[in-house]
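Read through the structures below before going on.
In what follows, chain A forms one complex with chain B and a second complex with chain C.
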Partner chain A sequence: MVAGDIVLTGLMAVLLVGVAALLTRVENWRSYTPLAGGGAVTGDETTVINREKPAGIIRWLTTVDHKDIGLLYGLYAIIALAVGGIMAMLIRIQLVTPAGAILGNNAYNSILTSHGITMLFLFGTPIIAAFANYFIPLLIGADDMAFPRINAIAFWLLPPAALLIWAGFFLAPVTDNMIEPARTAWTMYTPLSVEQANPGVDLMLLGLHLSGVAATMGAINFIATIFTERNEEVNWANLDIFSWTILTQSALILFAFPLLGSAIVMLLLDRNLATTFFAVEGGGPLLWQHLFWFFGHPEVYILVLPPMGLVSLILPKFSGRKLFGFKFVVYSTLAIGVLSFGVWAHHMFSTGMDPRLRASFMAVSLAIAIPSAVKTFNWITTMWNGRLRLTTPMLFCIGFVSNFIIGGVTGVFLASIPVDLILHDTYYVVGHFHYIVMGAIGFAAFAGIYYWFPVFTGRMYQRTLGKAHFWFSMVGTNITFFAMLALGYLGMPRRYATYQFDGAIAPLTQVSTFHQAATVGAVILFIGQLFFVWNIVQSWLEGPKVEDGDPWNLERDGMLDREFQWFDEQLEADSPEKDPSLLADGGQEEQDDS
Partner chain B sequence: MSEVEARSGRQIVLRLYVAIVVLAGVMGFVLGSIRPEDLEPELFGVIALPPTPFGVAIYGFVTIGIVLGVLLGLVIYVSERIDDAAGS
Partner chain C sequence: MIEEPGLSDQYPTASPWPLFVALGLALSEIGVFVGLFPVAVFGLILFGGSIAGILTESGYVERPWPTLLGVGVVLIVIAAGFTLWQVPVADIALSNVGTGPLFTRLVAVAAAGAVMIAMGGVASVMEQTAA
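Entry: the complex of A and B
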């Protein structure tokens, strides 16, 4: 056994040395000194500095350029979206029949758990980081992020995080089901999560912890960048709305994610070292819920504030006028940021907690609807007096506003204690939050991808496919998630792998019908995403090249932001090869005296 | 790039309003047909409506129409009186 270990260690060492040797042969590493990354450039004796990045895979493995890291985040998020989306399809197909169509109960629970964690932590947070990394430095006129290397580390923590979170799926077949995927649901409630002996839960917790560390490092970087790296012309008064929302989101991450990390470590200790943080004789199972939701509800706003920023940025561009009440949109962002830490226990109304506490959390939860409504009001007022151009990004923005209203209003009802006691743990809750996470956050992400597609690819997407993507997504989202709201009214509990009810509990025929409707909606939604992937890949490779730095004709309305001005400068620059993405630093022209 | 035709924002917002109110009616009809337990729609909490598909459809149509209508009225009022950038 020991000899085997030594041999294995030796083999790993040889493999690592081999990989290192290969990398040094592929590219001379010293030729790549990232200027904006703090690479010391002193006097004349330094090595040659190439303005171009290394070629091939080395570029992507070694990059500290915020634009490349943004693209890496984007690719990562899209892969996670595909994985999470396929998991969602499996869930929906399973629920076509009351007895479950394709999966066993354990497989269903595993996929349900991973779907939630994948979409929130591996798609939601990274897709926002993708936009923020690529565009915040351009929008505020910075050379790069404040800490480019930390930026790279923060990204590279994510692939191992994903592998750990999904580890059970890979390891179950090779370990004879000794290590299986976690089946805790994404909320990991104790005592269930403590008592599942499966080591796959530990791996998932470690992966989640790692993704939290990555998010925190990224947040520190964004705060430092927005505070210290702004161009002298950019002050707090004219800072763009997307940067404001990223700044607020980063502050929320800074307070929320370390708490998740601590709670996860406590859970790991309870699982493996017999501590009693969440045991009845110790802190009690409810302690987990308090700690988790103290992170978990700000997490909702961590995920939704930047998409609101994207919509606030993009929607006025295609309305031909400035955002109505800009200041109030910023104030409402800050208000949501503060209030988001005072609403966590509305997830726990039915736990038997102190009714006086419940009432105070209900009040704050209702209050947080006000700044959200202010934003909605301002978006609609912006459109009212505008001249709208219904491009694909604009359609997704309008879709965002519509779905956000439905998701928001259904949420207001859940904030009310008596309503929540009836609807808690039913599909109504699932329908409500999917209107927000898919109908709003997902839509804003698509709006951002289409809006900036010319900047990060130098090409234009295919508009017909873009519009097909929107309409399939809009119709699919509303069929699927409205059916879930109706299922909630019928009393269908969430998370169940099957639903062969006693007729006295819920009417089985109607429940089946709505589950089938939700599945039809999910199929429509899925087809829409196939259009999206096809469009992005084909247009990136073969789409018409953008010759003009103002592909959306924004200058006419005086609304051309810095990122498009930067893009225009890159197009006009002679070298290198007219490809903006190949500049080694943050996109700034090299100074003669540097 | 070829220019996308610009449309009046007012028309689009009004159409959205009509679409959402009609949709609320349709959703009311659907909910009325499945008839969840203890369904007793009361318009403004006062006027009792029958728990039938049409009753709930009217409930959804009127409630959402009025609530969103008031909000839309506010948008119009603010746009005309307070919005400095209007028409820019």
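Entry: the complex of A and C
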């Protein structure tokens, strides 16, 4: 133990000295020019600034430019999507046979836990932050985020968060399984999560805590940016729909994530310092569920509101019509934001809580369907009699609406107490929320990536591959998750690593068949994502350069938003010789680095 | 006064500090919660130092050293407060470091605070005598 401490001390000392040496090399601390406000520092008059950013890897490690940080968030989220997707494939392959095909029970539980946390916290939240970072300042005519450095801090908290969440997988082989991946499921219910002595659970909790700190910092930044950095032409009446949803989402984050952080700290204290927040003799295990879902249900809307904003922004562009009932889409966003804090206990109907409380939560949960339906009808009405152009982003938007209806309607049934008591903890719930998280949120993310691909790469993606990606995703999603709805009706419980039932409990043959169907769907979905990755990488490197600042021909309908106008200006002044300051997006030319 | 311009003077959209603020916070959390004494101490020093650096760079303060000293004082106050609140007076002894789970963690926080106070204080004095 003492030897371990000495080694750790040495390592830390080397790290700290290395950091100090690096900082001394790149920074001259005496040259700082006092300039309150945290904005761009212009340096001394003798220091002529002719470049925005350093070159190479240093650019990406030190950037505080909202566009660069947006790209970093995007890359991070796609890597997390790949990791979470591979975990999902392992789960689906496992369940092809009732006895489990490839994984032991412990490995299955670890992967199941990590899949959920990875997709929600390491893919979902960051991919939204990617779009918001890159495009909110452009859409509202701001130079950058209100706090560029806090923006960078928020991003850089995420890589350590991911490493901590996945730490058990890396550390189990080298610590002789002393530190294993967490097997708490993403909800981390007590007493299970307190009783698992495995330090991997602590590491995962710390990772989640860091990701929550990052989300909160980002939310504060977006609220400040949208309130204070708008161009004088942008007011509350003509603020775009995506900014509205990000503003609402940020408010939800501000109220929900600090609560998750506090609950996680309480759980860590219960685990390590013998406190009794969630012990029977203290607050009781149900306290965790209340705290977790008070965060957890708003989290659902934190994840879905900005994708709804993306669809509300993109879908009209390819319908040739302005968004129908814009004001009501904004009002419904705000209504969902408020109502989302009054529904949490619908996750706990079967816990034995007070039936009178249950009824009120059922009422609010059913009520939240109304603003959601307002949006759905507005999207459909926007398309009605429109001049539809079935580009890849538009296909993903239509897929979003379709999947959102199935995911949403199945959710309304779950909001009803008697139905929930039957379907609780079955695959019906899994099918329902995957229709939302994959079928809706995932699809909107893809729509955003394709729609703005020309802006952030300067190139065009390959249309055929894009459409293949859509159709494989649409078919795969519906096969996989519809099969899960059926599995739920058959009584298949969720989270099981195997399902060798007695035939009297559940019809095993049908259950196996639907599990196999779900796996086939997952394979189709997976192949679709290979198209996506290939398309994005190859098109970014070799795709045809976009010459026109209006690649989607939006000016014809008077729908060219500010971000494409900005893109057009960039194309106009692309040559660094004309104006070196416009090199902002390309960084410093490599040859100038000498 | 100004010699060579630093990275964040040359480039208005670059700053080396956010990465280290984040790394410092991550290491501090791991160190304090998992109970790894050296990681806690060095993580907190990195965190406090980066806060001093980023505040100086963005012009909120003129010199980093008083901030570093201030962060150190805050850490010591927190550690002392928790110790008096939660640790029995009889157990507050250097020989007990490494035995009680809470006390050891608090000592780590206080040690980081003490190092920051020393660094901030010495650097402030050196800067003033040099000037």
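Here is the rule we go by: the second predicted complex is superposed on the first by the 528 of 594 C-alpha atoms of A that agree within 3 Å, B and C clash if a C-alpha of one lies under 4 Å from a C-alpha of the other, contacts with A are read in each partner's own complex, and residues count from 1 in each chain.
Definition applied: a contact is a pair of C-beta atoms (placed from the backbone, for glycine too) under 8 Å apart; a residue touches a chain by one contact, two chains touch by 3 or more.
Treat the numbers as computed from the prediction; the structure is a model and nothing was measured.
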item	value
Touching partner for A:L421 - first (chain B), second (chain C), both, neither	neither
Partner chain(s) touched by A:V19 [first = chain B, second = chain C, both, neither]	second
Chain B versus chain C as contact partner of A:H209, first or second or both or neither	second
Touched partner set for A:S402, first chain B, second chain C, both or neither	first
Chain B versus chain C as contact partner of A:I153, first or second or both or neither	second
Partner chain(s) touched by A:N553 [first = chain B, second = chain C, both, neither]	first
Partner touching more residues of chain A, whether chain B or chain C	C
Touched partner set for A:D5, first chain B, second chain C, both or neither	second
Set of chain A residues, in rising order, touched by both chain B and chain C	none
Of all residues in chain A, those that touch chain C in their complex	5, 8-9, 11-13, 15-16, 19-20, 22-23, 26-44, 46-47, 49, 51-54, 58-59, 61-65, 68, 144, 148-150, 152-153, 155-157, 160-161, 164, 199, 202-203, 206, 209-210, 213, 268, 272-273, 584
Residues of chain A touching chain B in the complex	319-322, 324, 377, 380-381, 383-391, 398, 402, 405, 460, 482, 486, 489-491, 507, 510, 514, 546, 548, 551-553, 557
Chain A partner contacts - residues on chain B that touch it in the complex	1, 3-10, 12-13, 16, 20, 27, 30-31, 34, 36-37, 71-72, 74-76, 78-79, 83, 85-88
Touch list for chain C against partner chain A, complex	1-23, 25-27, 29-30, 33-39, 41-43, 45-46, 49, 53-54, 56-60, 62, 64, 101-102
